[in-house]
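Before we start, here is the structure in question, set down as structure tokens.
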Amino acid sequence: MGLETAFADEPAFVPYLAAGDPNYEASIEYVEALAKGGADAIELGLPFSEPIAEGTTIQNAIVRSLESGMTPERFLGFVADLDVDVPLVCMTYYNLIYQYGESDSETASGETASQEGPRPFVEKAAEVGLEGFVVPDLPAEEAGPLRDACDEFGLDLVFIVAPTTTEERLERMREQVSGYVYVQARLGVTGARDDVDDATEESLARITDWDVPKAVGFGIKTGDHAERIVGAGADGVIVGSALVDIVAEGYENGDPTGEVAARLEALARELKAGALRGARTRPQPERT
Amino acid sequence: MGLETAFADEPAFVPYLAAGDPNYEASIEYVEALAKGGADAIELGLPFSEPIAEGTTIQNAIVRSLESGMTPERFLGFVADLDVDVPLVCMTYYNLIYQYGESDSETASGETASQEGPRPFVEKAAEVGLEGFVVPDLPAEEAGPLRDACDEFGLDLVFIVAPTTTEERLERMREQVSGYVYVQARLGVTGARDDVDDATEESLARITDWDVPKAVGFGIKTGDHAERIVGAGADGVIVGSALVDIVAEGYENGDPTGEVAARLEALARELKAGALRGARTRPQPERT
Amino acid sequence: MSTEDAHDPKFGEYGGQFVPEALMPAIEELADAYERYVLDNEDGFMNEFRSRLADFGGRPTPLQYADQLSERYDTDVYLKREDLLHGGAHKLNNALGQVLLAKYMGKERIIAETGAGQHGTATAMAAAHLDMPCEIYMGETDIARQRPNVFRMKINGSEVVPVTVGRGTLKEAISETMREWATTVENTHYVIGSVVGPHPFPKMVRDFQAVISEEAREQAIEKTGGLPTDVVACAGGGSNTMGTFAEFVPDEDVALHAVEAGGSSLQVDEEEGVAPNSATLSTGDEGVLHGARTKLLQDSDGQIMESHSVSAGLDYAGVGPELAHLVDEGRVTPVNVDDDLALEAFHRLSQDEGIIPALETAHAFGYVEKYHDDLGDTVVVNVSGRGDKDLETVIEETTERDLDIAPDMSILQRMGGGL
Amino acid sequence: MSTEDAHDPKFGEYGGQFVPEALMPAIEELADAYERYVLDNEDGFMNEFRSRLADFGGRPTPLQYADQLSERYDTDVYLKREDLLHGGAHKLNNALGQVLLAKYMGKERIIAETGAGQHGTATAMAAAHLDMPCEIYMGETDIARQRPNVFRMKINGSEVVPVTVGRGTLKEAISETMREWATTVENTHYVIGSVVGPHPFPKMVRDFQAVISEEAREQAIEKTGGLPTDVVACAGGGSNTMGTFAEFVPDEDVALHAVEAGGSSLQVDEEEGVAPNSATLSTGDEGVLHGARTKLLQDSDGQIMESHSVSAGLDYAGVGPELAHLVDEGRVTPVNVDDDLALEAFHRLSQDEGIIPALETAHAFGYVEKYHDDLGDTVVVNVSGRGDKDLETVIEETTERDLDIAPDMSILQRMGGGL
């Protein structure tokens, strides 16, 4: 299938949730609700104990997920259990991918790490039907082994372009990116914001001639944001914290899973609608 | 009269009390009780805020006396008020004697100190009938001005010989001492003890040929102590803390002044009796 | 400084730059500044740095012959007195270097993480000295156990930002500072506190700290006529370790001992994700954390464990990549010392030598106590810091343990209250 | 060292030996030892002393140019960094000298008094270093307000003996230590903590501390090409003052400023016998205390007053006799700084220069702040100690006063507890 297909016909809405937040069953329902709400692809967070690129909202989601017992192994089962027919992307940190091949050996034993690297995890990811990876702490310079494994198993590797990314680094990413490029709308970490940053348009302008879809994320919260961003030329919007907020609130209030799922679906619809509105305010993006 | 007369006929008993402990009136009664009990001379403490030669017992007496309002001026009145016919010695620290001449000028004013030194206080002391001084923080080297004033007004200046005093310093003291020499029975500060120190005999031996009476103090508590010390060759015993203990106990228990005075008188009798017994165990001290 | 290629972000398989894209330009800019100012002394940077280290920091620090310990172990023990550096630990060497570098780079603001609070206080002092606004991120657990250092940072005019995630120790504080950096990267420099993090931090911090071994090596030759047989330093992140070892690395005959915190046990609790120690070099395995590939305390999934040590400054699940590399190469011997032994060593140095060491430092002396038979005849131990910050912890932990060597503290308990 | 007659126990009309007879032989023995070992370097005493001061103590301490203060006052301000000495104050110069001297004299035991606890900790460190049993007398009030230092003394293996007489501050502690000395004089040396007490203490302590001005004078010449116009030091007993001034006394053009604690007011309460300050040089008059004739805070009867200062180390009703003499001679100018100004200066130095000074030291900077217009163009200020010991006091006193310059401490209050 390939991640690019998600952006083929119209601006894509790409939601993020941490898998297993706040528990396995509810999380399955929530992800499926996003699909029903119009998601074109879904980023599923595999929680890592040191999520250095996340703001408080997603950090807390990760803590809930870890506490409910999420592990890389269960994550793969989670993906397999999902009943959605949009492409799924694994968003996680490199150490988990890297350690997966090690998972049977005693750690804390002083043994030399195996040289397998990311390959075993990518292989399993392909088996359960994941389409790609976003790894925020893996810059292009260090991505070789993961890129190779993804190629081997037919998965995409998404890179993040930041407002501060230099031209030189853009080139390095362009060579390696596939699926879509994740345009970071502002500096900082993930988290819902009340406005849209000007940096977005500038960033989009810098990569306008890239031949992968451009999805913008970081801080998008409402349909209006989505509209503005697509209007500015994005091929899609990535929304995480605003959705995670709904999960967190439901969890704190002890709301029934079905109700929370319905709220997620509703926000998904709003965001997707916003993206579609945005598409009308500008010439349809062209594939080169 | 002269302090030496107190030692003339038989071993002398010389008690110490802090004047004004725990208050003016009671203290008058206590001192008079000591005279009745057989004191041959009395050391009256004029309390100084930094009594560096005193142990806890006398420190506390000094605090009580200061808190009850004792001052150098009142001390002179106290001496005048006493109805006793034994010689009285003022035991105090040099700063009080030294400052007396200054007492009218503003202190804390940065004025240069007057050059009068100890003379004004000695003059007043003579007027009220004091016979001499013991000043524990005034060694022979610094005693010149006080010695001169004492000579002028006919008072004695007692020096303390310690177990550690060198031969050279003994000579210096011998030149200046008058009234009696205070033989410190042990190292340290004042305070009642349960034994008699061997240092006493050694100290006495070193000054056996001095032509002033030798009174031993520091730690003497019972008639038996007094007996041993006089037996060892002393011309008299000085007893402070053991008596002050009685004052302190009476004060703490709120005992009637008369009762406390009776106890002081009783201990004085015991000590005097001990001294007399001691005299029988050795050849009568000879005046040279 | 060192013969390796300054451009290479790796030490063997360790090191690298595993950071969010938003930070990449900043660390590239930093790598560039490191090469220009630190390695090539552009604009006389290193001259100013060394001169401020001397006048403000109090360098050189002495290499002191330890009379009592030498007698006790029947070997010549020399103490490298980093505890005398301004602020009370080796940390200022690095903090001053980085804050000054930030100034040369035109940055307007400093952020830093801190564990024991020593790096935080050093950074706060350097920032005050060089007139830079400064914010320090510190885990809540560490705030509670290193209060005097929190006061000091505030008094030096820094903000102290409590980090409440996780167990609230150094690991969380670093993560949080990286997040903050990602938000403010354009005008802000992140003064990392040890030889950890993405390139160029491990090299740069080592170079700032290498003044320790530069001096110690010269002083040892001057005092003993030759090189020491052994050099001992405690290792948390590894900055005092690398600083103490750096100039001795080429001296193959000098044995280098990195002493980690053995905590209460070397056994890990996989279920809880807790290692009751911080013995990363001895027991950890390879992984990626805080921007670098290095040895880590992690569970079989790759989740980072909560480490533990009685000394907050060693309490870290990672370690400098260069140190991991030197251990794999066999050049550095990793050893560890548990909480009890460290506390005993704390009291021994205090009573026998009149130097109250930091609890971190005490680990190095615990090692010498236990293994002095294996050491040669001239041992240099780095006194990485002083123990004023640890008094409260020491009293608590000593009372719990009832160590023979500990003084009777009842005068203070009688008088009630905390420190 | 100095040109005066070392045998003369007097400085003009001040000084002398006003002690109980039992102590006279000890101070004569000490005077003899002072002449032989300190003045005549018998058995290489001074060489060993200087070498231990360097290696154990961390000498020389830097003379640092203060960037921010120099700009603020538009004059060159140099800081003599005694805060970097081992233990955190100039006190070690003297403590190490005396404990070493006691060893040369064959004494087996050390006693000392302490006010701020700085002299006590310095003595405890020196005693541990030189393997001498040690007991420290400290007033109960001071124990309560300088707790970290009490811990440090205990941890260094010294006994701390609480003095409960009077207000329980330095004055009482000195009296009590003198009493203890009188009891154990044969095998015990009393390490007095400042240039006070009977001869030879004022001269000997000054000579041990004179290393400060020896270095500072040389460093000033090296850094500025000449002598400073002004030298400023705080004065409690006067040991850092005399140490900082000693070598400059013959340089008649160098103005010497001794900054005393003005406390809350210069007015005394005769009724209560309390001076709410410790401004002995400015407001005291001549008398005899603790073995010497000197300037004192006393009432019209000659009773010694309770002094007061926010800084325990300046809180003393007497002052060194040599300083009193130099003031009468016009060579030293006595000035004073009140609690508020000292606290402000504490925060200013911390925030502007990255140096947290002792509260004692802060008085010297309070003076420079207030009177910088009267100072010349090169001012040397002695940073007599660091402020770690004062954090608790500073927080309390700052909160009470609501000073503009103080940082917001709420993060710590929120977290509760003491230091």
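Going in written order, the chains are labelled A, B, C and D, and every chain counts its residues from 1.
Everything below uses one rule, namely that a contact is a pair of C-beta atoms (placed from the backbone, for glycine too) under 8 Å apart; a residue touches a chain by one contact, two chains touch by 3 or more.
It should be emphasised that the depicted structure is a prediction, and the values quoted were computed from it without experimental measurement.
**Q** For subunit D, which other chain has the most distant CA centre?
**A** The most remote chain is A.
**Q** Just curious, how far off is subunit D from subunit A if you go by their C-alpha centres, in Å?
**A** Subunit A and subunit D have C-alpha centres separated by 65 Å.
**Q** Would you mind pulling out the distance in Å between where the CA atoms of subunit A average out and where those of subunit B do?
**A** Roughly 95 Å separates the two chain centres.
**Q** Provide the C-alpha centroid distance between subunit A and subunit C, rounded to the nearest whole angstrom.
**A** 36
**Q** Would you pick out the residues of subunit A that each touch at least 2 other chains?
**A** In subunit A, no residue touches at least two other chains, as defined above.
**Q** At least two other chains touched by the same residue of subunit D: list those residues.
**A** Residues of subunit D touching two or more partner chains: there are none.
**Q** Chain touch graph shape: choose line, ring, star, complete or other and state it.
**A** It is a line, because the chains touch in a row without closing up.
**Q** Pull out all the chain pairs that touch, please.
**A** A-C, B-D, C-D
**Q** Quick one: in the complex, what on subunit A touches subunit C?
**A** Those residues of subunit A that touch subunit C are 48-55, 59, 63, 66, 71-73, 93-96, 98-100, 102-113, 136-139, 141-142, 159-166, 169, 184, 187-189.
**Q** Quick check on the complex: what are the subunit D residues that touch subunit C?
**A** Subunit D residues touching subunit C: 54-56, 58, 61-65, 67-68, 81, 83-86, 88, 124-131, 140, 143-144, 147-148, 150-152, 154-157, 160, 162, 347, 350-356, 387-388, 391-392, 394-395, 407-409, 411-412, 415, 417-419.
**Q** For the complex, give me every residue of subunit C touching subunit A.
**A** 9, 16-22, 24-26, 28, 165-166, 171, 175, 178-179, 182-186, 268, 273, 275, 282-291, 296-304, 328
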